[in-house]
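Labels run A, B, C, D and E following the written order; every chain starts at residue 1.
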Amino acid sequence: MKTATKKENTTPLTKIIGRIPGELVYVGKKEYQPAVFQLITYNDEKSQTFKTGNVQDLVSKIEENKVNWIDMDGLSDLVTIEKLTKHFNFHPMMSEDIVNTEHLPKVEDFGKYLFCTLKMLRVNHKTQLIEQEHLSLVLGSNVLFTFQEGMEGDVFGTIRDRIFANKGRVCKLRADYLFYLLVDAVIDNYYLVLESIREKVEMIEDDIIAHPSKNMMNNILALKKQLALIRKLVFPLDEELGKLIKEHPEYIHTSNLTYIHDAHDHVKHLINTFEAFREMLGGLMDLYMSNLSHTMNGVMKTLTVLSAIFIPLTFVAGIYGMNFENMPELKWQWGYFTLWAIMITLTTGMIVFFRRKKWF
Amino acid sequence: MKTATKKENTTPLTKIIGRIPGELVYVGKKEYQPAVFQLITYNDEKSQTFKTGNVQDLVSKIEENKVNWIDMDGLSDLVTIEKLTKHFNFHPMMSEDIVNTEHLPKVEDFGKYLFCTLKMLRVNHKTQLIEQEHLSLVLGSNVLFTFQEGMEGDVFGTIRDRIFANKGRVCKLRADYLFYLLVDAVIDNYYLVLESIREKVEMIEDDIIAHPSKNMMNNILALKKQLALIRKLVFPLDEELGKLIKEHPEYIHTSNLTYIHDAHDHVKHLINTFEAFREMLGGLMDLYMSNLSHTMNGVMKTLTVLSAIFIPLTFVAGIYGMNFENMPELKWQWGYFTLWAIMITLTTGMIVFFRRKKWF
Amino acid sequence: MKTATKKENTTPLTKIIGRIPGELVYVGKKEYQPAVFQLITYNDEKSQTFKTGNVQDLVSKIEENKVNWIDMDGLSDLVTIEKLTKHFNFHPMMSEDIVNTEHLPKVEDFGKYLFCTLKMLRVNHKTQLIEQEHLSLVLGSNVLFTFQEGMEGDVFGTIRDRIFANKGRVCKLRADYLFYLLVDAVIDNYYLVLESIREKVEMIEDDIIAHPSKNMMNNILALKKQLALIRKLVFPLDEELGKLIKEHPEYIHTSNLTYIHDAHDHVKHLINTFEAFREMLGGLMDLYMSNLSHTMNGVMKTLTVLSAIFIPLTFVAGIYGMNFENMPELKWQWGYFTLWAIMITLTTGMIVFFRRKKWF
Amino acid sequence: MKTATKKENTTPLTKIIGRIPGELVYVGKKEYQPAVFQLITYNDEKSQTFKTGNVQDLVSKIEENKVNWIDMDGLSDLVTIEKLTKHFNFHPMMSEDIVNTEHLPKVEDFGKYLFCTLKMLRVNHKTQLIEQEHLSLVLGSNVLFTFQEGMEGDVFGTIRDRIFANKGRVCKLRADYLFYLLVDAVIDNYYLVLESIREKVEMIEDDIIAHPSKNMMNNILALKKQLALIRKLVFPLDEELGKLIKEHPEYIHTSNLTYIHDAHDHVKHLINTFEAFREMLGGLMDLYMSNLSHTMNGVMKTLTVLSAIFIPLTFVAGIYGMNFENMPELKWQWGYFTLWAIMITLTTGMIVFFRRKKWF
Amino acid sequence: MKTATKKENTTPLTKIIGRIPGELVYVGKKEYQPAVFQLITYNDEKSQTFKTGNVQDLVSKIEENKVNWIDMDGLSDLVTIEKLTKHFNFHPMMSEDIVNTEHLPKVEDFGKYLFCTLKMLRVNHKTQLIEQEHLSLVLGSNVLFTFQEGMEGDVFGTIRDRIFANKGRVCKLRADYLFYLLVDAVIDNYYLVLESIREKVEMIEDDIIAHPSKNMMNNILALKKQLALIRKLVFPLDEELGKLIKEHPEYIHTSNLTYIHDAHDHVKHLINTFEAFREMLGGLMDLYMSNLSHTMNGVMKTLTVLSAIFIPLTFVAGIYGMNFENMPELKWQWGYFTLWAIMITLTTGMIVFFRRKKWF
């Protein structure tokens, strides 16, 4: 778990600090990789797909009267991105945010385009770590750009399949509906991440009740950090989608606002659940601390009962181990056995007393 | 208590994640069950009721100039729901939320209909668990739909009785008043859930004061989780009803706004009480921890008093158990008895000292 | 203290839950008692008072061109209340809230009347418990109704005296000024409750510093619950008075708004003080816990010092109690006395050491 | 420190509770003292000062075309205040708040006058207590009243000197600028109070690190109470000055709003610092508790190491103190010395072991 | 770390308190130093730079149709500042805030100029302390003033280089863009401070897990104070930049608002990260406390196991050390060896028992 949060923290800040605003600097962790475009054009009659690494080729294939979805993979290829953004007249700040993989989620209306950046989260099933990938969406009148950091796979498989099969509402509606579909697919995926965290929380809870160990607290802290990371990525979405609904930019059709509302509801639900998890982790800490205290109480009671029984007995034995010349008891015929009788009575009394006090 | 919260958590997330927006997917925990409709039509003169499982039959019985209350039971029968929603022209997002039993409470104006979804909560008297049932209300001009998940019984018995008996204000007013009555009945029922939680809180409090045991903390945590669950279901109602009052959609008559205000007040009261319970649980934790500490103090004092009395005595006995050849005291006639006198004086002094310090 | 909060909690919820909106159900804890009206009519020239239990009689005595203050005692007499509310055309929801003694404070404009409900709080000097009484005010153009739950006495004595003596501003101004006077009298009385809580808080503080005992924590928790109860009754007033000022209903004259502002300021002051008390109680808990820890430290240090001194000595004594045949020290002439010298030196050293460490 | 907070709490509430709104009741702690007025009239050419205890005299000296600053000392002389307020037509609520020394800071526009009440805070250098004095400012078109509770000295010395010396901007500007100057002087003085609290906080911090003692926690709590008191007096100023800027009453010239902005900034800075202190005190509590725990750990380790070393040794000595007839070791020539060798080895081993565990 | 926060606190408050509003008082910690101006004039064709200490010289070099950046170093030279502010007609409150190095960040529109004050933060690599420097920016139509406290170096090196090299967007745009560039450079630098804090937090975390020591808590507190200091300097920026965007003063061109938005986003990101650090520090405290408790548990278990094993054995040895004349066991041939056998069995049993309980 440690590594997951470490990784998040080691942003090469130096890369960001020297930069000039609007200048493209890739701050992600991927090696250089030439960009690849996938263009999908469709209307309610048919759909076409085309793959290229060249901006010129890409532009030539765009069809004005259809929906064009341009999906680009690999943000480290700054040269290609610069070409693309110049051709489509992106605002410099928009281009900057596309490659700035450290940017928090945001929705901004740049007049000609609606810009939205957010993170895809995925649980890596091998390492159990939560991986994030920077995703930017740029919505124009009949075109939608998506920029992915370039990790393997994405969460848009089902949507592509529907477009290719030319079925469902997506083909009848315009680019703004596709925009909603993609954002919603990303948000839906957060639920899987949530699920994986829930499992860990429950595992820790069971562990604490069964046998509290020292590194339990470390695990709780590690989970807290993971939650903090996700919150950082999900919380801004609430505000940004709320703004989107209120400002209602021209490229979102009124009839589609209901869908954005729906995505907003999902984000709220997510945040609610995060808060519940946070509180649950706090509760687990309390449980752990109270269990520690309880164990301590038990240990101390054991020690005290032991001492209470044997210390007086040892004293009595000490008394008759003394070497005074005149100690009448020592010479009594049944002295030794009387003493045993007294000691056994005393011990029994003690045991009854402590049993009543529920000390053991 | 554990099971109650577990149950809530095990939503089949996978069902939700793959879905297409507006597609009907039932995510509840009920087995498939054909839908059953109960239509109640009434005005201030008479009321009629009719049960069917067929949408066509249902539609034929609707009377335009009366209030029509269509109550549907069983959200797993997606085919019938689809038919119904198509006939009445529901917005796809509305239909989706009707069957999405995981949806948080919300009120939304879809122009033609006012949509409201919330949860019925009930305490199962056998298991002492809190059960929830998804309920959606759709208000049109002279028609009110209610969609229930299909558990046994509901909280609308009294209202139905009044309509059948044709008495009370309900028969003189229109569908919007019925809408308020149903929402209010659901909210009123939350008070019973509250009552059951209050009983548990008080039971735990009495337990902590009488004899704090280790699993007390688990019980407090379990209650905290239950409260968190209910808060999740009640909190959004506050905001949503506030919105309803502010936006005042056309199907709510102005003269009925006062009633919505009243329901809103009840929700606020509920939330106030929830917050008080939450704080009380926090207080119980503090009480439990302080009692643990106090017990520990008592145990330690016992041990220390014991040690303080007997350790010096044992030392003295040890001294005169030594085998030095030249130990004058050993040969004194009254040495042994003098020692006893000294030891008894010492012990008495100790006891007085610790009594003064209130250590036992 | 326990009983005070218990009493609050045992609202007969079942009474509320079955009810129909607008139906009158008395949920208070008083036995049935026929309602009694006191009508005070006054203007700047003279004042008259009249007591009756009959609505018809009451109505006949109302004088249109004077201020009429109708004070009713006993909310359990639902028949009389129904008659009254019908005659004066109260909104059904207003009548419902008048008898619903569980309703939280609220101010609502019903067009024809301004409705305000709040709680009178009093410290019962015998039981030291805080008692609450439901109070509703209904302000019309020249009439003011007050509905009391019917406990002995109220907080309006001074105001009645002034009206009868026909002195002060109250006789020159209209019903809205009387409305303010009554609300202000209720709020002023909260200060006495506050004062009683302050005394308890200070008593507990002194106790904790002097001798922390186990039930101190229970007392703190009981006080916390009392504060929570009062907060529940005072907090809504802040919002409701704020709303009253903003909405400014027609029956409050503009020149009297300053007075409402003043009452609002008092409520804010109260809330400020409540918050300070809450924080103080939290501080007391911390103080109690830290004192427990400190005591524990002291106990442990005593035990350790004791052990450190006597355990080595006992060991030494044990050594020379051994029965080896060849133990040269035992045969030395001054062996025994040398040993004493060594033991005394050792003990002195130990004592100096622990004194330096400030362990006793 | 105790006394400081006690004093604050012992407001004679009974005095307030019986009062009639608008009636003048002095609730402060000062003995009766006849009021004294100091009138300062000035313009940019010259300034005059005049002292009297008589309202008639005072009025006759006011010059319409100059700035008149009327400073009154002694709020217990209600007769003189009544005369003054009647002559200048103060609103009754305004007069009430002038003498109500318990009133929280507030700014209110009474149309004819702008009313502002706040507290002067001073550190009494002898007792180290924080003293408060009630101050009200009433701003008219060419007149500014200041009402002080009547403690020795005030914080306006510098401002008076400047007016008498007829230098600085104050003489060129009108009464609203003087109003700002006085409010700002009061706020500036809060910094000195802050400084005194900062010193105490640092003293406690140093103490905790050096030698945590039991009454440290009491000191922290006492400081917390002082902070709570000051917050109560400073927090409302933030809101009230914000309101003043927003509402912009006619007696504040637009060109002077910048100054009010500046005072508002200072108040915000103060609040920021208060919050930082509060958090610091919380941190000190944590530090204290963790130091207690740490000390406890140390004590317990000492005890355990001691016991671990001597208890086994004592046991061994006990073995050879037994009186069995057949104990071969006792007869060995070097038995005793061998035993010593074994015991020394054992002890050394123990010491090495615990050193490694860093237990001492 | 201590010194860093101390330094911050020792503001010479007395300097501030006596001052007259609008009067220039330098409250910083630097020695007197004559002011030095650096004037940079540039347009998209060429740039010029000029250094002087004389206001007259400076003014003569300003070119109306170019961008003029006047950077002044050394706020202690009040005479020169006064001359400058008089020549350029600064509002007195603006001049006051320029030299008041204690002022919190703020943006204010003075009509003729836009005023912005904030802090530069730097990590001193030698002392590891965070140093702050007061910076004010004054934006006019074609002129931008920057006032620095006069520490060595600043964070504007890259921007100057770009202007001199006459490359980048900066030369084509006007003074408002330069204003944004400088503010952004300051904010970017906060990330380096953040980075240094992150390192310390991680160091402490590693330490706590490895070997918790007493001064760990002091370190956590010291870090908390540092964070509090930075928060105080960064938090107001969020609000102030938000206000700047909303009010949109005339000297910021609409096309440059996007850049201000961007700076605002960075500040939000910073605040998010601060909050995460704060929570992390809280988590570390919990970890430290729980580790202390855990260690204590371990120590107590060791002590109890030790006692449980040896105290009964010592008692047994004591028994047979008694000197009764009639003790049959003592005369048995194998008594001594039988006892050893019993003692070894007992001890083994104990060890097995405690192992099972996982006590060691």
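Here, a contact is a pair of C-beta atoms (placed from the backbone, for glycine too) under 8 Å apart; a residue touches a chain by one contact, two chains touch by 3 or more.
Please read these numbers as outputs of a predicted model, since none were measured by experiment.
Mostly differing positions are employed by chain C and chain D in their mutual contact, as under half of the interface residue numbers are shared between these two copies. Note on chain placement: the centre of chain A and the centre of chain D lie 42 Å apart, centres being C-alpha means. Chain centres here are Cα means. That of chain D falls 26 Å from that of chain E. Chain B has residues 289, 293, 296, 300, 303, 307, 311, 314, 318, 321-323, 327 in contact with two or more other chains.
A ring topology is adopted by the chain contact network, closed into one cycle in which each chain touches exactly two others. Against chain C, in their complex, chain B makes its touches with residues 158, 162, 168-169, 180-181, 184, 188-189, 191-192, 194-195, 198, 202, 209, 258-259, 261-262, 265, 268-269, 272, 276, 279-280, 283-284, 286-287, 289-291, 293-294, 296-297, 300-301, 303-304, 307-308, 311-312, 314-315, 318-319, 321-327, 358-359.
Across the complex, chain B is touched by residues 9, 13, 16-18, 20-22, 91-93, 96, 102-104, 106, 108, 110, 211, 214, 217-218, 221, 224-225, 228, 232, 236, 285, 288-289, 292-293, 295-296, 299-300, 302-303, 306-307, 310-311, 313-314, 317-318, 320-323, 327, 329-336, 339 of chain C.
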